[in-house]
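For reference, the structures are reproduced in the following blocks.
Note that subunit A is present in both complexes that follow, paired respectively with subunit B and with subunit C.
Entry: the complex of A and B
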């Protein structure tokens, strides 16, 4: 078998596996443009007259607006808080290397590795005691706290790669530490910051368990809505489900598509300084 | 203009000394080169002067004022670090303008001064580029421009030419000298390269293993060193160092090259010695005069205007330099009759390394003991 044929076969196999993985996403997106009978038709309809009625109904639905707003606001705010705090922490770990830095970094990451179900009870009791249950600020801080360890890990790797000579040049010329961090270091680790933002956004956007337990009517997000609010007259409301799911999965997919180069660089913790 | 005084400066890292008891005066408006092998402490001393590190002992005075505890920003010292440290996300213009931007200099003045510095360093067409688009020499020029544009009267250049090719170094050395004359500031220049040190220096400070070995005008340090280590470290090609034995009375030092008549400084006694002879003080003997010895040429390194010749004489290998014109007559394995310039060899006490006198070769029949 020639090299060219073998390469074509590999590519065909890759396409096939990719399409199999993408099939559920394609099915749900396609269903969002169908009527209920078309969705339930056997065999499935591939060719049909698409309708936007499902989206019109979804966007007009106050519950959707409320949950979508919560998902966006919680994800954006928590991630911004987490990355801002993490950046300063990572800078301190990288430049001032407090005693037992490596152990502290290990502790940070080990907290992140804790399964959510192991932490849910103490977190629930704590939030009830503080009066933070179903509080927007409480949920934002919780997600930020959960996002910080991983962000510190990513950002420290990037900041380690920036020579301290830049800091010294700033110091000698009269720059404050704040100016050094924001004007000299931050622009050089921008890919790492973007990677941290995306990783954490996807985590918060997808999070269900904590939102379900320590959230409530004011703070519940789309995953909670998907799990709890889709039955219609005893059955599943497939048209609503498909349009809601499509809207829900769109932001992470677009993010991964447009920022995949940053994600690849981020996954190496800054050890590979890709040209991005 | 700033007069700088280092008083008993010491620095140690986790109990390991990096600098010990550095006492030194740097004259205003001088170009002082700090020279020494890697790890000698010269860069640490500069970092302490800039304020990037605190000394473990001693203090630094600038015009009589103690600046030891001032922050780097408060010291008003321009600095060109060893690595270029050009900010990759800024244009060359913004890099050069950075110190003035921080100092709040008006935009029009910044533009004019950046243009002036860029003109002087021949990087004007590069101002809109990013550092990643520059060659090594261009980056270094940009870093130098940024260092000198700070409003300061002391400038530290920490091995600014390291890693550059010879032609570029030569041209940048000229530029730096011209620039210093123009801005009339105190320049402290750090290098591990003895040739660069000799080319640049008005005053030379020799450092080794955290100690200040020798300091003074460059000619004095080169031709009249008081320490053996200074003779070893300063000079290219390297100085010939021969063991010897000084016998009294008569002050005759016996070496592998024969007897040397030593003109002793006060208080010297019979002792084991080391004799330093600069390569240029060993010359081919004239055909009509008796040579001090006849060696065998083992290697000739042609440097263009001159050649470095390695001559084996008994167990000793001597290094000497001859003019380019004379190289045609020197081949590997050739006999090499040589002379030593009277008064050139410097005799040091072996144990302490301090100079005890100068010597002249004792030719047959001239010994006076």
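Entry: the complex of A and C
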């Protein structure tokens, strides 16, 4: 009996820790159901009559629809392009080990290790010179480029785990390289593809700085909207901001729930495999 | 109807999988000498257009005096930009502030992550484990700009929930983000909140790599908790933990979005990390020459970080291969 009590206490403690980490997120979600005076109430309200008015206002707001569409379109398109292109390169790096493999893998990774403002500065100069600033295609392709390093790293790790004997068997049986890549290798590294898609999506979804600098009115996403001007006649429009934030952070959190087994691989560029 | 289409599709797919020798462009591209180049080409094109060219541009520009607002063409100035940013005390203040931020953030996150990882080690039978872990890991996937926004709400001096706690203890309200003495700590706390879960994740991965048999042997040998941790867990888990610490160090060095939204480097320069100061000089003052020089310096620092990361990674791979 005391063993069971101890275990329940232990489980209660684990839940408490999880809830503490989630509390700030919970607080903004809670605030999004409050009216403006309720958000600004002192002492802060934990129990109140929830209202959906903020969400009704948010969804009807044209600026929200525009930015939200940009967020979705940029993340989905950039990630699809990046993963497709990276898969081919990862296959080549893994199977043929061309001369400069290690050096190229190093260069690819170093792009992602650079502080954002240093990474975007030269691209900004180039985009201004070529007139690509605020172009949807330019923005998508840049995000795709930035998602490539991560995808190549993650996919190469997975392809390394597939025995080259599959290729040999395929070749002996007369399969083309195209079928070997798409029909023998791809199905076996499907988890890697999913992990690359999910974690690049989260990255582009959350990205703010690049969009702010090389984007513009046509391409800006919700993070740019969050960071720039949401004040409402002097004060910050908290009702709008809280519902916007809540809507926007929900998809990544749901992805952590549904793809939890890929979390480790996704957060470490595929360098550490396993599940938690 | 549908059945026959399916059958046709399956025969055609069988045919493509077992196709005889072919001629023409596809056959050429499929040759072993050509294929790798073909496969890597798209990534290389992306890489050249969006990375190599801009980086060369950056390198070139770092040797010129050039401001976007002056309207004058760039003037060659040799190493002037580099000497001037390296002689500018504010660069060193920002760099050392960043260094302190990184050391404190990564240090606290690692210690907390190791402890919480040990706590969550035996959580297999936790009811609702998946939901609990989602809640725990949520901070690291939350949009940083959004996190900045809601922490501003929590930190608010008048209606923020944190100050309500402080006041109910009878203490005066704290202006977390506008008091120069507190702002750095307040921003650091948000970073710790956001990234401790990452170190918990890495610690769990490290613990999973420890062989069960050795833990049992350690238990039979009556090793103390600390000895078990040092001799068994750290021995097997140190590489994964090290990779986690390095990734976190690199990421903390890049911290930008969070600060952009909370304090934008202020008040004064209390939270101005190097990424923010580069942003200011490039996109507020449009001083492109000296900003490029600073970006080149940061590029070199990042390359050093990346090399260290890969060194540890290959060290681990070599040892796993030996074992």
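Everything below uses one rule, namely that the second predicted complex is superposed on the first by the 247 of 276 C-alpha atoms of A that agree within 3 Å, B and C clash if a C-alpha of one lies under 4 Å from a C-alpha of the other, contacts with A are read in each partner's own complex, and residues count from 1 in each chain.
We adopt the following convention: a residue touches a chain if its C-beta (ideal position, glycine included) is under 8 Å from a C-beta of that chain, and two chains touch if they have at least 3 such contacts.
Note that the coordinates shown come from a computational prediction; the quantities given were computed from them, not determined experimentally.
K.L.:
Would you check which partner chain A:27 touches, where first means subunit B only, second means subunit C only, and both and neither mean what they say?
P.N.:
Touch partner of A:27: subunit C, not subunit B.
K.L.:
Which partner does A:165 reach: the first (subunit B), the second (subunit C), both, or neither?
P.N.:
first
K.L.:
A:175 in the overlay: touching subunit B, subunit C, both, or neither? Say first, second, both or neither.
P.N.:
A:175 sits against subunit B and subunit C alike.
K.L.:
A:36 in the overlay: touching subunit B, subunit C, both, or neither? Say first, second, both or neither.
P.N.:
After superposition on chain A, A:36 lies in contact with neither partner.
K.L.:
For A:17, select first, second, both or neither according to whether it touches subunit B, subunit C, the two together, or no partner.
P.N.:
So A:17 only meets subunit C here.
K.L.:
With both structures superposed, pick whichever of subunit B and subunit C touches the larger number of subunit A residues.
P.N.:
Partner touching more subunit A residues in the overlay: C.
K.L.:
In the overlay, answer first, second, both or neither for which of subunit B and subunit C A:267 touches.
P.N.:
In the superposition, A:267 contacts subunit C only.
K.L.:
Touch test for A:121: subunit B only (first), subunit C only (second), both, or neither?
P.N.:
A:121 contacts subunit C only, not subunit B.
K.L.:
Please indicate which partner A:145 is in contact with in the superposed arrangement: first for subunit B, second for subunit C, both, or neither.
P.N.:
second
K.L.:
Give one of first, second, both or neither to describe whether A:187 is in contact with subunit B, with subunit C, with both, or with none.
P.N.:
In the superposition, A:187 touches subunit B alone.
K.L.:
Touching subunit B in one complex and subunit C in the other: list those residues of subunit A.
P.N.:
On subunit A, the overlap between the subunit B and subunit C contacts is residues 173-175, 179.
K.L.:
What part of subunit A is in contact with subunit C in the complex they form?
P.N.:
Spelled out, the residues of subunit A in touch with subunit C are 7, 10-11, 13-15, 17-19, 21-22, 24-25, 27-28, 31, 39-44, 85-86, 88-89, 91-93, 95-96, 98, 104, 106-111, 113-118, 121-126, 141-142, 144-145, 148, 152, 170, 173-179, 181, 183, 202, 205-206, 208-209, 213, 222-223, 226-227, 236, 238, 241-242, 245, 248-249, 252-253, 255-257, 260, 263-264, 267-269, 271-272, 274-276.
K.L.:
In their shared complex, at which residues does subunit C touch subunit A?
P.N.:
The contact residues of subunit C facing subunit A are 16-20, 22, 26, 30, 32, 35-37, 39-40, 42-44, 46-47, 49-51, 53-55, 57-58, 61, 116, 119-120, 122-123, 125-128, 130-154, 158-161, 164, 168, 193, 196-198, 201-202, 204-205, 208-209, 240, 243-244, 247, 250, 253-254, 256-257, 260-261, 274-276, 278-279, 282-283, 288, 291-292, 294-295, 298-299, 302-303, 305-307, 309-310, 313.
K.L.:
In the complex, go through subunit A and note every residue touching subunit B.
P.N.:
Interface residues on the subunit A side: 163, 165-166, 168-169, 171-175, 179, 184, 187-188.
K.L.:
Can you list the subunit B residues touching subunit A in their complex?
P.N.:
Residues 50-52, 71-73, 77, 79, 81-83, 85, 87-89, 98-99, 102-103, 146, 150.
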